[in-house]
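Both of the next two complexes hold subunit A, though its partner changes from subunit B to subunit C.
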Partner chain A sequence: MLKILKYSFYDLMRSRWSYIYFLFYLALGFVLLFLFNDVSQAVITIMNIILVLTPLIGTIFGVMYYYDSREFTELLLSQPIKRRNIFLGQYIGVATSLALSLFLGLGIPFVTYGLFQSSEIWNFSLLLVTGVFLTFIFVALSYNLALSYDNKIKGFGFAILLWLFFAVIYDGLFLILLLSFSDYPIDKLALIGSSLNPIDLSRVLILLKLDISALFGYTGAVFKQFFGSSTGMISSFALLLAWVILPTWRILRKSKRKDF
Partner chain B sequence: MKYVLILLYILLPLFASAKTIEVCPTCPVSQIKVGIDLAEEGDLIIIKAGTYKEHDIKITKNNIRIKGEGRPVIDGEMVGTVFHFSGSNFTLSGLKIIHVGHSYTQDFAAVLVINAKHFEIDDMILEKVYFGFLVEKSKHGVIKNCIVSSKNKDEAGAGNGVHIWKSSDMLVTNNDLHGMRDGIYLEFVKRSKMTHNHSHGNIRYGLHFMFSNNDEYSNNTFENNGAGVAVMFSKYIKMSENTFLLNWGDSSYGLLLKEIYDAEIHDNEFIQNTIGINIEGSTRINYSNNNFRNNGWAVKVKGACYKNKFYKNNFLQNSFDISYKGQINSNEFKSNYWSEYTGYDLDKNNVGDIPYRPVKLFSYIVNETPETIVLLRSLFVDIINFSEKVTPVFTPDNLVDASPAMKPIPKRKPQ
Partner chain C sequence: MNIKIKQLYKNFGKVEVLQGLDLEVSENGIFAVLGPNGSGKTTLIKCILGMVIPTKGDILLNGESVLNEWAYRSKIAYLPQIAQFPHNLKVQELIKMIKEIRGESQREQEIIELFKIQPFLDKKLGTLSGGTKQKINILLAFMFESELIILDEPTTGLDPVALIHLKELIQEEKRKGKTILVTTHIMKLVEEIADKIVFLLDGKIYFEGTVPQLQEQTGEKDLEHAIANILKDTYA
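Presenting the complex of A and B:
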C-alpha cells in the first residue's frame, strides 16, 4: 500500500498541479497578510476561502485523478496486489498531496509573519486541521462517485453536484427548515443540522473559537455548551473523522466488488 | 473696643475650630469613632496607618475633614455600613475600607452620604464592599480617584460601586470600578458628570442611568461588563469620547438606550461588543463621529424610534452594521463610512455615487429567527445577501445612506 501511496503522491507532484495549488495558497496567504496586516482578520478571510475551496478542489482532484489513472489502475489490478491496497494507496496519496499543499501554502506565510508570537496560533491551527479534514473527506466522497460511474461526464457532474450540495444547497434547505419551524424551540435542530454537514461543522467550530462567537447570542448558549466544551470538541472531531472513515470504507467495499 | 470684641467673638470659633485630631492604634485616641465624637465643626481628623475594626461611624456635624495617612485600613468586619455622613462640606480621603456588611434587605455601603452638600471624596480604596459609595439626596459632591472593587458572582446579592439617588450636580471622575453589580448607578440624578472612569468586569452594567436628566459622561472606558452602559428613561444626556470595549456575551451591549429623548452621542468608540448600541423607544438622538469596530451588530434598532440621526460615523468590520425592526420613522443615515460599501465615486468628491443599504437580508432573517445565526458566513448566506443587495425585496428600501463616505471619517480633536 505504501508503495502505491508513494507512486500516487509522486505522480501528482510530477503533474505540477500540487505545485500550482501550493503556490495559490502561498500567494493567497502573503497577499491577505499584506492587505490586513493583522493575523486575526486574515484568519477569518482564509476561513471563508478554505471552507469553499478545499472541498471543491478535493472533489475535482479526486474525480480527475481516478479517471486519469484508470489505465494504470487496471495494470496494477492485473498484478498480485490486494485491491484494498491499490485504492487506499491512491486515495491517501491524492489526499495527502492536496493537504500538504494547503498546509505548507498557508503555513509558510503565516509563520513568516510571526504567527508564533501571535495569540491566533490555536485558531490558525484549527483552521488548518479542519482544512485537512475537509480535503480528506471530499477526496473520499469523490472517489466514491468515480468508482460508481464509469462514465466520466456523469462522474464529474455528480462530483460538482456533491460539492454544490454541501457548500450551498444544504445550507439553503437548512435555512428553510429553520424558518418554517421557527415557532418551535429549534436550537437542538440547529445544532444537529449544522453538525451533519462537514463544511458547516468546520465553520461553526472555527467561528466559535474566534471572537465572533458571542454573536451566536442566546441560541449560542447551546452551541457553546456543546462545541465549547472538550466533549463537544472531541465529538465534533469524531464526526469529521467519521466523515473520512465511512466514505473510505465504502471505497474499499465498492472496489472489492467492482468488475473492471 | 466694642467692635474689636465683636470681631473677636465672631472670629474666635474659627480659630478654635481649626484643631487637628490624630487617631492611631497607639494614640490616646485609638478609635475613629472617639475621634469623631471629639471633633467640632471645621476640625481635621488624621487617621494614621493601622487597621481599625469599626463600623457605623456616624458623622452628623458639618465641616469635618477626615484624612488617612499611610493608607489606614478600616475593616467593617462584614457587619454594616462603615462611614455614615449626613453633614455638609466634608472631605474624606486616603483610606482603605474593606469588608462591608452584606445584606439582602439593607443597602450597606462603605461610605453612605445622606442629605449632604459640597462634599469631596478623594483617593479611597474600597475592597470587598457591598455598596461602595451610596449617595442619597445630596448636592454638589465630588467622588474622585477611588478604586472600588468586590468579588461578586450573582446580580441579586451584589451592590453598586457608586450609587447615587435623587441628587444633583455630582462629579464622579477618575475612578476604577470592578466586580460590582453596576459600576456607577444613577437614579433621579440631575446635572451631573461622569468622566475618566474605568468601569470593568461588573456583573450588570458599567454605568446605569434611570430617570436622570441633563447628565453628561465622557472619556470613560467600559470594558468587559455584563453590558457597557444602560441609559433608560432619561432626557438630555450627553455621551462623548467614551470607549465601549469587549462587552461580550449573550444579549450583551456596549450601550443600551431605552426611552431616551434628546441625547447626543458623539466621538465614542465601540469595539468588539456583541451589540454596539441597542436602541429601543428612543427619539431625537444624534449619533455622530462614533467608531463602530468589529462588533457583532453595530447598531440594533428595535422599533418605536423616531428622528434618530446617524451622521459621519465609521462602521468598520462589523458582522452586521444595522439590524432594524419596524418602520423607518424618519430615522436618518447620512454621510457615514461603511467598510462594506462597494460603490464608486466618479466625481471624486469623497461621497459614494450610489447609496448604501446597511441592512442585509441575513440580518433581517436572523431578526425573525435567531437560530439561523448558525449559518453566519456560509456561502449560501453570502449569495442571498448579494442577490438582495442587487434587488432589494425584504429589507426596507428607504433605509439607505444616500451619501456614504468613501474614506473613514477622521477622529476629531478633543474639544
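Presenting the complex of A and C:
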C-alpha cells in the first residue's frame, strides 16, 4: 500500500493544481495577517474559508483523481497487489497531498508572523486539524461516489451536490426545523443536528474554542457545556473520525466487487 | 502454464457477455483469442487477471483457483488495450514503481534499447505520444519473466519497426516455453504468429483449433475470409 501511496502522492505533488491550492492558502494567510495585523481575527476569517473550501476542493479532487487515474488503476490491478491496497493507497495519497497543501500553505505565513509567540497557537492548530479532517472526509465521500458511477458527469454532479448539501442545504433544512419547533426545548436536537454534519461539527468546535459562544445564546451555553468538556471534545473527534472511517470502509467494500 | 476455465458467466447489468465459457489451455505456445467486437475477449482476459469478477464459474491456473487471489498475478504479464499512465510521473519512475512491485528485471535495458525508449525516460508520461506509450507498455509487460503473457491488441499505434520487434519478442518468449494469449483484429498477425485460434462468439467458444483447421472447416483459404464466413452466418 505504501508504494501506491508514495507514487499517487508524487504524481499529485507535481500537478499544477496542488501548487495552485498551496499558493492560494499561502497568499490568503499572508493577506489576512497583513490586513488584520492580528492572529485571532485572521483565524476566524480563515475558519470560514476553510469550512467551505476544504470540503469543496476535497470533493472535486477526489472525483477528478479517481476518473483521471482509472487506466492507471487498471494497470495496478493487473499487478500482484491486493485490491484494497491500491484503493487505500490512492485515497490516502490524494487526501494527504491536499492536507499538506493546506498545512504548509497556512502554516508558513502564520509561523513567520510569530504564531509560536502568540496565545492563538492552539486555536490555529485546531483549525488546521479540522481542515485536515474535512479533507480526508470529503475525499473519501467523493471517492465513494466516483466508485459508484462510471459516468463522469454523474459522478461529478453528485459529488458537487453532496458538497452543496453539507455546506449549504443541511444548514437551511436544519434552521427551518429549529424555527418550526422553536416553542419546544430543542437544544438537544440542535446539538445532535450539528454533530451529524462534519462541516457544522467543525465549525462549532472551532467557535467554542475561540470563546465566542456567548453569541449563541442559551443553545450556545448547552453547546459550550457539551463541547467544552473533555467528553465533548473526545466525542467530537470520534465523530469526525467515524466520518473518515465509514466512507473508507465503503471504498474498500465497493472496490472489492467492482469490475474494471 | 495450464489454464482451465470452467463454466464462466459474466453479465454487466442485463448484458450477458460470457455465457458458460469453457476453455482449457494445457500446452505452451501462442494463442490468438479472436471474435467480433463485444464477443467477450477483453472480459475473458480481465477475468483471468481478476480485474473483472465473474458472476459464476471458476478459473484455475496451474490447478489452483485464482478467484479473489492476488499473488498469482506475479506469474502473469499483461499488456492492456489502452495505455494510460499518471501524467505527472516520469517514465523512469513508473518503471521503478513496477519493479518495486514485481522485483528486479533482467531485460529492462535490452528492451529499452530495442524500442529506442532511452530519450523518453526522463519525460513525463503525460507528454508522450500514443505509440510511445504503447512501447512503454510493451516494456512493462516483457521486462519480467512471467509464465503467462496476455496481450490485448498489442499492435495499436506501433510503427512498422516497433511491430517487427514486438513480433520477435513474442516469438522469443514462445521459445522459452511461455504461454501467450493475444487478442487482435489484425488477421495477418494471427497467421504469422498464432499456434492456435480460440474464436469467441456470444460469450462462448465457437471454434478452437489451428489456422489450417479453421480454413478447412470454413472452406476459405484466407483467414480473414474464414472469419468473415463465420460471422456472416451469425449476422444474417
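To be clear about the criterion, the second predicted complex is superposed on the first by the 260 of 260 C-alpha atoms of A that agree within 3 Å, B and C clash if a C-alpha of one lies under 4 Å from a C-alpha of the other, contacts with A are read in each partner's own complex, and residues count from 1 in each chain.
What we mean here is this: contacts are C-beta pairs under 8 Å (C-beta built on N, C-alpha and C of every residue); 3 or more make two chains touch, one makes a residue touch a chain.
This structure is a prediction, so every number in the text was calculated from the model and none was measured.
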| item | value |
| --- | --- |
| Touched partner set for A:L196, first subunit B, second subunit C, both or neither | neither |
| More subunit A residues in contact - subunit B or subunit C | B |
| Touching partner for A:V31 - first (subunit B), second (subunit C), both, neither | neither |
| Partner chain in contact with A:Q41 - subunit B first, subunit C second, else both or neither | first |
| First (subunit B), second (subunit C), both or neither touched by A:F260 | second |
| Which superposed partner A:A238 touches (first subunit B, second subunit C, both, neither) | neither |
| List of subunit A residues in touch with subunit C within their complex | 3, 7-8, 10-12, 14-15, 68-72, 74-75, 77-83, 257-260 |
| Residues of subunit C that touch subunit A when the two form their complex | 12, 46, 49-53, 70-74, 76, 78, 80, 82-89, 93, 97-98, 100-102, 124, 140 |
| Subunit A - residues contacting subunit B, complex | 41, 44, 47-48, 51-52, 167-169, 171-172, 174-175, 178-179, 182, 186-187, 189-191, 193-194, 199-200, 203-204, 207, 211-212, 214-221, 223 |
| Touch list for subunit B against partner subunit A, complex | 248-252, 272, 274, 294, 296-297, 317, 319, 365, 368-381, 383 |
